[in-house]
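You will see two complexes here that share chain A, one where it goes with chain B and one where it goes with chain C.
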Partner chain A sequence: MNNQEQPVLDIKDLCISYYTRAGEIPAVVDFSLTVKPGETIGIVGESGCGKSTVAMAIMQHMGSNGGIKSGSIKFKGRDMTQMSDEELRQLRGSEVSMIYQEPFAALNPSLLLREQLMEVPLTHEDINREQAYERAREMLANVKLPDPDRIMNSYPHQLSGGQQQRVVIAMGLLSKPALLLLDEPTTALDVTVEAGIVKLIADISRKYGTSQIYISHNLGLILETCDRVFVMYSGEVVEEGTIDSLFTWPRHPYTHGLFGCIPLPTADKNAAPLKPIRGQLPLPHERPQGCYFGPRCDHFQAGRCDGDKVDIEHVTGSAEDHMVRCLRWQEIDHTKEAPGGEAKEAMELGGPVLEVNQMKKYYEVIDSSMKALISGDRVKYVKANEELNFNAREGETVAIVGESGCGKSTFAKVLMGLEGGTDGEIKHDGKDVSETLVRDRTDKQISSLQMVFQNPSDTLNPSQTIGGQISRVIKKFGVASDKDEVFNMVMKLLDTVKLPRDFYYRRPRQLSGGQKQRIGIARAFAGNPSTVIADEPVSALDVSVAAAVTELLMDIQRENKTTLLFISHDLSVVRYLSDRIVVMYLGHIMERGTTEEIFEPPYHPYTEALLSAVPIADPEVTKREILLEGNLPSVMNPPKGCPFCTRCPRRIGDICDNEMPPERQVTDTHRIKCHIPIEELQKVEPVIHVPAPEERLGKPEVPASTH
Partner chain B sequence: MSTTAANTIERPSALSRFFRGLGLLRESPIGMFGAALVLFWVTMAIIAPILPLLDPLAAIMPFQKIGAVAPDGTTFWLGTDDKGRDILSRVIWGSQRVLVWASLATVVAYFFGMLMGVAAGYLGGWWDEVISFIGNVLLSFPVMILYILIVSYLGASGINIVIAVTFASAPGIMRIVRGLILDLRTRDYIAAAQTRGEPAIRIMLVELLPNARGPLIVDACLRLGYTVVAIATLGFLGLGLPPPDPDWGLMIKEAVPLGSFAGHMMVIPALALSSLILGFNLLADGLREISLRD
Partner chain C sequence: MLILILRRLGSMVLIMLVVSLILFAIFETDKLAVAGKVLGPYSSTEQREIWLEENGYNQPFFTRYVIWAGNAMRGDFGQSLQLKVPVSQVLWPRLANTGILALCLFAIMIPLSLFMGVLAGMKEGSFQDRAITVFSVLTTSIPEFASATLLTAVFVFGLGWLPGTSSMTAGFSFKELVLPVLVLLLYDFGYITRMTRASMAEVMNSQYIRTAILKGLPYQRVIMRHALRNALIAPFTVIVLQLNWLLSGVIVVEVFFAYKGFGKLLLDAALFGDIFVIEACTLVAVFVAVASQFISDIGYTYLNPRIRFS
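Right, the complex of A and B next:
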């Protein structure tokens, strides 16, 4: 306590196991970590690597079948594993707080936020209700929530997701904890909202001196929030170090592999495609001998890497706390490797396949309030899509980008014929399909327009075999009808999506998320479609799996010259794989153009904010910070003028509030819907600055390490 | 052989999957006990014709106690009733009757309940309004009154019991199925089926219903138990399966006026009845426990 540098948390050689039907499963092995006061530690890894288990162990909240086998967790010098329940209860929520992934699940829906917030100081401190109210109110203002008094007297459902997460963070900070655990706190939020929360989290330690442990699968977010980072793989730390040393000179093949899987601004789908890590994370009870990453590692040496357990050691010559768990780290020269996978040939684009002209989709809503009854104005329209215009050519990838509620999924529904459009036309292969529901379309029309869905866990019917589900598509679309022929086609499709043939008789629950998504792709391509809509196909997958699925999708596209409509909120993926981008906000297309045009000025102010919000896992790429205030307006009651006027940082005056902006033409392909003249927008600096290759510190050898 | 290895992929047989499912039940002792009770009665019902039983309808010697031996050497293991019929053989033959009719009634009730539920849940709109309204009207009747009304109006027979049980149970099944379908219909695989233009009937029966099976199997076990109770109650009220064929409810009813004079006449069929119902309930509990654990 007298020593300022006494660590807040000191974990030594922690081993955690779960006990299940299959026996003892070691979830975390030999985990050591120290957190200094005011420091933010990032733990990064893919699902199943044990990062959440570590958080749960720190909270001493392991569930009935988990247990700490050995090691110690010292919080301010006291071993938490030896504490009684009562001591732990005192500690939790006051000295150590935790913030979870889903804010709506963390708040009690039937209690006023006032009660939930005041409960924290009332429980842990000797304080009266007025003081507690004042403290809570003040904290809400500190997490930048507008109008704290109103929020104090609201129920959780009256707030948006971003506001809820701010309330949860405020609740965590109320007791002035020494340590804050954040378990994927922004995964459930939209990108622009996420950017705000990340900024808030980064400010917390500065302002309150709180130490934090930030758990995430997203390297970009870790870079923006943390001081030091731990990379976990299959229950153990494979590499640790400060952000600078680890992100600039990753030494472990797994860490290096992870960077190869994320679409950094240097990746290019043709010249330097993503390089997925092959294979899968081993199950905890099937871990290999020696190095756990061995079977997936390109530098694996038989007889050496599969021998004894590998110890973590210091990276000589690098920063003091840069450690790596690899026998061969000195021999492997990552700089000699090409930054991406094998180069592929760029695709030639064919004629137009999809033309969307003035497409509108309105939903009718009957307002039954008294006011509406009296004014006789009972029918309202929700304008989910307003005058969409764009087209897509054969073999082209067009991305539709926007946050939740922007109307991108509505457009997909109309295109697929699940709902009829209100006005305008969608020409697919020359025929207008906007008002033809799927039951009125011909088999050929249906089969030429297929979809890949977002959620791997329910894209496949759990009660049917994989083979059955793919064969059904083939039979339904009349591609083949003979039993053997269908069977052989399914086999070929399984080969195409790089899955073993005996998956034919498997059921979806026996597959991993990435495998299910591959089957989803196989199913979409079974009818030889000319156009495929992919609705966030990789957003629910781990980075290394996502990279593989993305590459697969593009390979099949290349082979079949398919037009791909890629719906996403993630601009870094979109930049990587699309030829053209359509940016949507509240049902309107705010900007559209080729990928280069979207990423270079002139920008629409919304695009500018989106670009700034995307976390980039490269410390040498700099971004201009643009934070959006406020929330997405309700589609029921959109602003009268420009849909973006309520949050726009470049709002120029009343004209924005009252008049719909015109669509201005920058080039043949580039359009921006904004009141600000193009010349003005042209003067804006680029949001993302990528240093030229020669300016980069970029991954040279570690200085003077090899003797 | 090895050259064709890629094409010789084994399909796990339906039988092996069934036994694996049964093996899971081992994790729930309660469920195992329930399954044993049910299995006991099902076996009895099946092998009744080959068991060396006395004729259940023949009047031999009235009011024999448990284990009594007739002058000709026949043992009445469970005694005889007031009309001189062997209770053991009546109880075993009665299990066959109650199981056949209870299963039939439950299956028919499920057939209609599932059709209504899946239509209401998937098609929505007017279908839902109409079906739910009919269901609510039927559910607002006290079940017993509904049984008595239907059976006394149509007359006492097995088929009429099936009809009565269907009327009383189908609305409840409809509600469960409708709720499950409302949840399942938002899944991506349903959207996938819709976007490849599958007809509604296929989506309902092939894509949706099989995925609702988990909770429905548990419910079916419970409902079988209720149906056994209902059949026994109707028998007790004299509205059940017509005499002289042995029926557990009717056997209890016949024993009531005799009181403690022939206690075994009442206790034995009552024990048979409650063990079967208990079996179904415990089996349902066990299945639910396993399904939640996964």
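Right, the complex of A and C next:
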């Protein structure tokens, strides 16, 4: 990269405001950024810090109530804020393109993809339809879509989410833009699909020399895709620098805070727990004096940090473009800022609480296709869960991982008694509950097995106060009935989930997502459950909120010796908090074992791929790359043999296609379902390599106790 | 798609059967009452019983139903009590008259209201949007008889351009159609316009329109190619369902202008207690309702590839 070259994009002192009835909202203030040719820039920060606003400003598409107040956005030397509509139109889609968070919503549902792709070159270049078709086809092949001709003649809903996103990327690249904006392009996708898209995005800049701006809240993804990174906080950049310098030597307390929130491989729920950033992002019109991060900063110094607006300055001694916006960065002892909060005591595990034997859940569906109608074979079974075996002990955290559609949530529903199992046995606290649906269970049984849901808003009654909802649960489960006693219990629960006591009188709509999730947790724990099932409890939450909620769950569990079933697709969280892991694929348990056993060879080939797909925000951790081809098969039509055989990189032959693999026992606790003998699997290299603390450049200070 | 059509057709037949059975049960269970209606209030019970015997009314209920339904399907609905002619002789011309009215109305209303709706929904909150919305709310909220009176006052009595009644006694006349169509147009156009506006505004706020704009497509193409088709799916359904309303809901207009339409026929029959005409009209109305639902369902599916291919 040549520094003398003219930057592709040069943003100077950009201020953007939204105008609402409540007044002006200064969403972004004094934002500056340059993008050099071929460079990929990452922008990270919590939700609402202004990342998308910057992207839309670059596209000059601010909606009806947004506007650029001051500053310039120069694209190849021309100021976009001064351009006419026609000049902008010619730039959009040809020189600057954008990729969106939800590919399905971004594509027109009623136009063939052919049309939607071809119109880009047809609009911006002087070519005929045949040439445009060829170009589109070629680009689809370049983004690694199988069978481009079929996709050209499909509608968006006929493709999977990952394929749709590839089409959107192809669409963005069709006219070889100089700049590509990606706003959370993989957030809506499954981990293994995400890994494929991230690889594609990284290849693009290499292949076409396209500059990119990659927006994400996930530091791991930024690390894998970008050259330089901008950390945004409340509408401004607080730290910027190359990936190496910023990830290895972060200098802003907020950046440290972000790293402390994510479960890096060095984190450990007992020795080095997550350290959420306290408080929350101020609303744009409620920013404090001086440093915007002040109220949440551990190094805040009255009289200094709340004085004048803080300027961004160069980090002396670091790379020349490493900048930080903090008055005290030189005084702070950064070695003490490494991720990992105060160590907590590990928990003793008790006796078995939950036992699941040979549980099956089939859904009956009526096939309404012509073929089924003629053959008379209309009832089909969706095998959502197939012979699940597993158990959990008191105080233990067992994680169930797998991609969407693998049957995780079905399993949770059957356990909860929301649906009846088809076969098998579920024993909870020694009693068989597999046959008893929730309406037939005793209050005691219900209260001892509770659930925390992914979307807290869906399960809270919008018209009832928080206090009322929790009290009702307490009374219903017979924990207490005296009015004062119930009130005191609710207060204690609010303390436990770290919410102010006056939330008793609030209604759900007055709460943020993280606060609602805390209420969800409070409600689940109100009846002193022995087991709590948490179905992706933090995946809808922002990084620092997710960290806080995760820690909260861990603390309550520690206190009550609760058994926790943690359902998730995110292996880094799972590694962080679970004692044992169950890996599911298409309704089958492919591998189960303790956390260490899952993360070390022998691996099931699917586990291996999952591990490789986890983005890790640590530049010194290396990973072996394993990309899965193809899509998850339909549960209606699973492969005859090993469920994973259509995508398995280690497939050994016809036996995989035709025969269900046996469950092989590695140790007492570790089982793998695969035709490859354990000895062979034993020989594979570990997927993730975490350097020993003494080998590290940046953080020799990482406590030695971790892994 | 084929399956869908077959299935829909099946349920259409089923609905018709059920409705006709209910209809038959309501009107013809009490045989003596039927005979009373036919022979007049002063007929004696013996006379009525003889009539019943002669007309095959003493067979079991279901046999009678089957015969009745069979006749209805062949277009034989019996004799009108009021007009003393076979029902079919009055029914079809009336239906045709209403058809003509509907055709003229649709020919003007559909292009107009779709155009206005799209124009309004294209830029939510703009001047054109607010103007069109206010106008369409205004016209819809004026009752039909009010606008009919007003228009008659202006065009018939004031300017003397148009005839005040539309009974078409001297054969078909376009001039006589103008006022009824105009009144209906004023009443219904606002509804379709607002439907279209809402649908268009929603589409314009969608992410795929943002994609289209940010692809650098000319505005005209964004509207014509990306927005229109999606925006018209919802109004299409509503328009087809308007057929129903036109059949029986425009009595006010038909009465006001003495237009010999279907609604007027039904009204007269109901007032007179002309049971065979009522039966026939109800059957036709239900048939049109079911058929338009069928067309709108199939059309909706066809316009919406997400449903079409799944």
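The criterion applied here is as follows: the second predicted complex is superposed on the first by the 680 of 707 C-alpha atoms of A that agree within 3 Å, B and C clash if a C-alpha of one lies under 4 Å from a C-alpha of the other, contacts with A are read in each partner's own complex, and residues count from 1 in each chain.
The criterion applied here is as follows: a contact is a pair of C-beta atoms (placed from the backbone, for glycine too) under 8 Å apart; a residue touches a chain by one contact, two chains touch by 3 or more.
Just so you know, these numbers come straight off a predicted model, no measurement behind them.
A.B. asks: Sharing chain A, do chain B and chain C clash or fit in the superposition?
C.D. replies: Fit: chain B and chain C sit side by side once superposed on chain A.
A.B. asks: In the overlaid three-chain picture, which partner chain does A:446 touch, first (chain B) or second (chain C), both, or neither?
C.D. replies: After superposition on chain A, A:446 lies in contact with chain B alone.
A.B. asks: Would you sort A:473 into first (chain B), second (chain C), both or neither based on which partner it touches?
C.D. replies: Only chain B is touched by A:473; chain C is not.
A.B. asks: Give one of first, second, both or neither to describe whether A:100 is in contact with chain B, with chain C, with both, or with none.
C.D. replies: So A:100 only meets chain C here.
A.B. asks: Does the superposition put A:438 against chain B (first), chain C (second), both, or neither?
C.D. replies: First partner only.
A.B. asks: Per the contact definition in the header, classify A:418: touching chain B only (first), chain C only (second), both, or neither.
C.D. replies: It touches chain B, and chain C stays clear.
A.B. asks: Tell me the angle subtended at the Cα centre of chain A by the Cα centres of chain B and chain C, rounded to the nearest 10 °.
C.D. replies: 30
A.B. asks: Kindly classify A:502 by the partners it touches after superposition: chain B alone (first), chain C alone (second), both, or neither?
C.D. replies: first
A.B. asks: With both complexes overlaid on chain A, does A:314 touch chain B (first), chain C (second), both or neither?
C.D. replies: Neither chain B nor chain C is touched by A:314.
A.B. asks: Chain B and chain C, closest CA-CA distance after overlay, in Å?
C.D. replies: Least C-alpha distance: 6 Å.
A.B. asks: What residues on chain A does chain C touch that chain B touches too?
C.D. replies: none
A.B. asks: Once bound in the complex, which stretches of chain C touch chain A?
C.D. replies: Touch list, chain C to chain A: 2-3, 124-125, 206-208, 210-218, 221, 225-226, 229-230, 233, 303-306, 309-310.
A.B. asks: If you look only at chain A, which of its residues touch chain B in the complex?
C.D. replies: Residues 416-418, 438-439, 441, 443, 446-447, 450-451, 453-455, 458-464, 473, 476-477, 491, 501-502, 504-505, 520, 523, 527 of chain A touch chain B in their complex.
A.B. asks: Quick check on the complex: what are the chain A residues that touch chain C?
C.D. replies: So the residues of chain A touching chain C come out as 59, 61, 64, 89-94, 97-98, 100, 102, 105-111, 115, 119-120, 123-124, 155, 157-158, 168, 171, 368-370, 373.
A.B. asks: Provide the residue numbers of chain B that touch chain A in the complex, in ascending order.
C.D. replies: Going by the criterion above, the answer is residues 6-7, 9-12, 187-189, 191-199, 207, 210-211, 213.
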